[in-house]
Amino acid sequence: MNFRGVYSVLPTPFCASGSIDVPSLRRVIDLYLKAGVDGLTALGVTSEVARLQDAERDRVLDAVLSHVNGRAPVVAGTSAEGLLNCIDYSRRAKSAGASAVMVSPPRMPKLNSGAVLSHYLDLASAVDTEIVIQDYPPVSGYTVEPALLGHIAREIPRARTIKLEDPPTPLKTSRIIQACEGFEVSVLGGLGGMYALEDLIAGASGVMTGFAYPEMLVEVVRAFRSGEVGTAADAFYRYVPLMRFEFQQGIGIALRKEILRRRGAITEPVTRSPSVQLDRSTMVALDRLLDWLRATQGVKWISS
Amino acid sequence: MNFRGVYSVLPTPFCASGSIDVPSLRRVIDLYLKAGVDGLTALGVTSEVARLQDAERDRVLDAVLSHVNGRAPVVAGTSAEGLLNCIDYSRRAKSAGASAVMVSPPRMPKLNSGAVLSHYLDLASAVDTEIVIQDYPPVSGYTVEPALLGHIAREIPRARTIKLEDPPTPLKTSRIIQACEGFEVSVLGGLGGMYALEDLIAGASGVMTGFAYPEMLVEVVRAFRSGEVGTAADAFYRYVPLMRFEFQQGIGIALRKEILRRRGAITEPVTRSPSVQLDRSTMVALDRLLDWLRATQGVKWISS
Amino acid sequence: MNFRGVYSVLPTPFCASGSIDVPSLRRVIDLYLKAGVDGLTALGVTSEVARLQDAERDRVLDAVLSHVNGRAPVVAGTSAEGLLNCIDYSRRAKSAGASAVMVSPPRMPKLNSGAVLSHYLDLASAVDTEIVIQDYPPVSGYTVEPALLGHIAREIPRARTIKLEDPPTPLKTSRIIQACEGFEVSVLGGLGGMYALEDLIAGASGVMTGFAYPEMLVEVVRAFRSGEVGTAADAFYRYVPLMRFEFQQGIGIALRKEILRRRGAITEPVTRSPSVQLDRSTMVALDRLLDWLRATQGVKWISS
Amino acid sequence: MNFRGVYSVLPTPFCASGSIDVPSLRRVIDLYLKAGVDGLTALGVTSEVARLQDAERDRVLDAVLSHVNGRAPVVAGTSAEGLLNCIDYSRRAKSAGASAVMVSPPRMPKLNSGAVLSHYLDLASAVDTEIVIQDYPPVSGYTVEPALLGHIAREIPRARTIKLEDPPTPLKTSRIIQACEGFEVSVLGGLGGMYALEDLIAGASGVMTGFAYPEMLVEVVRAFRSGEVGTAADAFYRYVPLMRFEFQQGIGIALRKEILRRRGAITEPVTRSPSVQLDRSTMVALDRLLDWLRATQGVKWISS
């Protein structure tokens, strides 16, 4: 089983006090599911998972899985610096009902390709679950080359989905598929959807990101996968200015939460400290872009 | 004197053999000047300056300045790991007729803010020329904080233009302007123009990048600076899918050269090794995007 | 209150199964205290804290504090990517009886000096405890310049101890002391003790590291601090070949545990995965070095 | 032909004005040759090669080769970001009479193992010279894994010497030798000689570094290679406190030049800007260490 289509990474909404805001989380889930996404991802990088305590991870996962309640598969991020933690997180994810775990190479000095392979082999033999490999070098500090992704996928049939965030992702998608000749892998582009169309053209099976207008990703990916490439492209080019805007380093999560607040899903658009406040110029720029989409691009359901 | 408007960073065209292709360079200059840019930049990062020998730097600079022949100001990249080299490059640039030099913090282990300030102070007292500060952390390995940019600009009135490539650039633009209260600085956004509109909204004075359709940047920046923000934004949102596509890590320069080849300016779209060949998927994606711009966005002058 | 003298960072011993080995931890504590160290540090980087779950952190801290039982002050590492986690860990440390918390700048992209200052200010107003600032750039991804350390120390009188691991530490020690003119700070050198003597000469107040022969550090630091610089230096130069050997990137913790096993403190010299096995050559080299210390340097208490 | 024994990396002495001081360079060469080293390396990282202009590189190389005049083999650093530059530098080195070139992987974003292999293959087919592979990740930004070193060495018989500076070097030495089963490679440890003995125990063939007392390295390596391991070790342990002291990040080159000044070889101990001045504490610590070596370790030829 590989994962295909649109997977939305869930943000973790917080109250003004900083505690987890479960009602907002539920509304976000409903918003994404209503948009028609193929699956959800919890406890990802943009879920601010690095700022959650272990008990909070459990609370988020339980809240997500009980609210989704089988309406869509849920992938749970379980990356950890240590193998035991990764295994433990993965077991909890499986018990909670997750359909797969998503795991980056462990962050450590002097990591090498042998240790990365071992990490995934050890995880796979400890926990009987699907594994999504996340290749996001700035976060893990390690770039997984196509040959190593191919090696992992060959050794572990349950690890044949890759969340790819190592640009240029379209080119790397082609190379991964070449490195996996003889069996099928699924590449899901990340990076806020910024190269979703080009990833698909290169052979990706979908996109996994937390972009706050999943409707746009669904429209693009569905059209593409049903062969209407022109329709997919036309939609993508009109939407990508917003994907690009949301995917700004350092403020991307805050922007996403602000949009989800405007869409009625999140009560407080706060991120956990240390964090950057969105300044007035950024808000003005966001307003202008949403106005443009609504007024001139016929995206009537865009909220102001 | 600060620098404003659109400055185009010139690629360095090469023959198939790898040697510098001066006729192509001249055609690129003409293309940019015909597009109405306010100035040109030679020997920048995307000019593959790190792969030129010292004698080749001189050849490029001479070719650029003699061909421009006063039609526009030329900024010359003169960053170097050592101060003496930076001074020497800057003197040559000044002698050759450049209007300013562009300098990053020197790449070195254990760099600190005091050493960065000294580097610019020493350069400024050695060479009587305008200095553009380039803030591009992945290249220099050092992030120049707004307070330090303000400090440099206060101490060196000739160093009040900043080429900003540290995202999120719109937010940092606001902060730099705050840190420079009491005197005027000019911030020029880089990053392939990907955030040009948002940079302008935040107070930037223009854009400095090598995007292969300078006409688009000129249209956006001119409209914005003459107060027609809506016109600027509308143009920008239609063009930014292409800016985003061109600005792909690892293949951006190759894509730019390929587009300039299609526009008749560059004979061979080769970059110096080690380099990445554009694969078929990337070419298909480029074709589709240019077709869309031409067919549906009314950009009639887009070449196929 | 500043911290001075020798602080030993405790490793976290594990059973072969990977679970925490509390009896070994107690023996390590006794070994360090018997050596005469001035204090202990739990949950530091070399305690493999990044591979502990939250519940395990609590278990380790409780085990340490109950076994130390007031015999020496205990510093607890409470660094976290998020402020709330850092505060929560720090509160637990204080409740458990720790004398101070040790905190690095939070690891995050786009961190800046203002955010680092805020992190410490917010922590200090949330938890009434002494704070040791850890300056270890490879781990936190951020270098704290002397001016910022001075700024933090000036604003937060409870944050005037610095664990310094940004080489060259002797030179930086001098600069920190200059940046803190008008009040007293305590600099404790880290880096396995490799520059302990030179740090002391530059004005450091001691050393905080996990070197497996704390007796050596105690001998050096005591002699130095009582004015017998020649005695301190002579001892240091004889011992530093071993400090250097132990402090090898990627295998330092494994070497430390192997030595503590030989000293009878740790049952299994295992580190948590992903980990590197000590190879035969490394073992041979260790044997030779310990033999040399015992046979020719008169270090009779060195175990074989 | 592989390279074995002690290769000393030559510093580039400068006059107070910053220009190259050829008479000092000649005296340094004589000092190293008199010490009995097996070869010399020019234009290495610690030769401040990154701060030399192309014409200065030629001057240094000519000065070195004409002064050495066949008394020992000379390796020339020819690393460059671009392949053409690397080839050109290597041709000049060969013409000038160098016995080998030393080349790091090219510094570039998104480098991968295939591009590294191609870089060496292309170099080897363009220039018929011995190639020393330098594996120094902080400088090149890329870690060459043992398998890739083995692959390169297998494909290019002229590239079977590795200057290894990726710690832990002893462990990596063992792994490289394993990865090169079936043919002979020579590993030369770098890192200021700090792990020279352990590298030799692991199978290294020598050391290549710029340590200012080459006599010490010669004594250690000769004893070891003639089977007197105990003698080698005893000497090494007494000398390594100084190697460790000299090899401080950020000030190592300045310290080396200061020692060579004291030894009468270098007139002005200046490094090119941006540079760090050695402070008083560092000088005091150096004096003390040299005194200890002279007074108590019987190193009579140590200069004060």
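Note that the chains take the letters A, B, C and D in the order they are written out, and that residue 1 is the start of every chain.
Note that a contact is a pair of C-beta atoms (placed from the backbone, for glycine too) under 8 Å apart; a residue touches a chain by one contact, two chains touch by 3 or more.
Since the structure is predicted, the reported quantities are computational estimates derived from the model, not experimental observations.
Visitor: Using mean Cα positions as chain centres, tell me which chain lies farthest from subunit A.
Guide: The chain farthest from subunit A, judged by C-alpha centres, is D.
Visitor: Quote the value, from 0 to 180 degrees and to the nearest 5, of the angle by which the CA atoms of subunit A must be rotated to coincide with those of subunit C.
Guide: Value: 180 degrees, nearest 5.
Visitor: Any chance you could check whether A-B or B-D wins on number of contacting C-beta pairs?
Guide: Pair with the higher count of C-beta contacts: A-B.
Visitor: Same or different, please, for the subunit B to subunit C contact, judged on whether over half of the interface numbers appear on both copies.
Guide: Shared-number fraction above one half, so same.
Visitor: Using mean C-alpha positions as chain centres, tell me how far subunit B is from subunit D in Å, no decimals.
Guide: 37
Visitor: Distance from the CA centroid of subunit B to that of subunit C, rounded to the nearest Å?
Guide: 46
Visitor: Roughly how far is subunit A from subunit B, centre to centre by C-alpha average, rounded to an integer in Å?
Guide: 32
Visitor: For subunit B, jot down the residues that touch at least 2 other chains.
Guide: 110, 167-168, 249-250, 276
Visitor: Where on subunit C does subunit B make contact in their complex?
Guide: Residue list for subunit C touching subunit B: 110, 112-113, 143, 145, 147, 167-168.
Visitor: Show which residues of subunit D lie in contact with subunit B when the two form their complex.
Guide: 18, 48, 50-55, 80-85, 88, 106-111, 115, 118-119, 122, 138, 249-250, 272-274, 276
Visitor: In the complex of these two chains, what residues of subunit D are touching subunit C?
Guide: 167-168, 170-171, 173-174, 194-195, 197-198, 201-203, 229, 233-234, 236-237, 240-241, 244-245, 248-251, 276, 278-282, 284-285, 288-289, 292, 296
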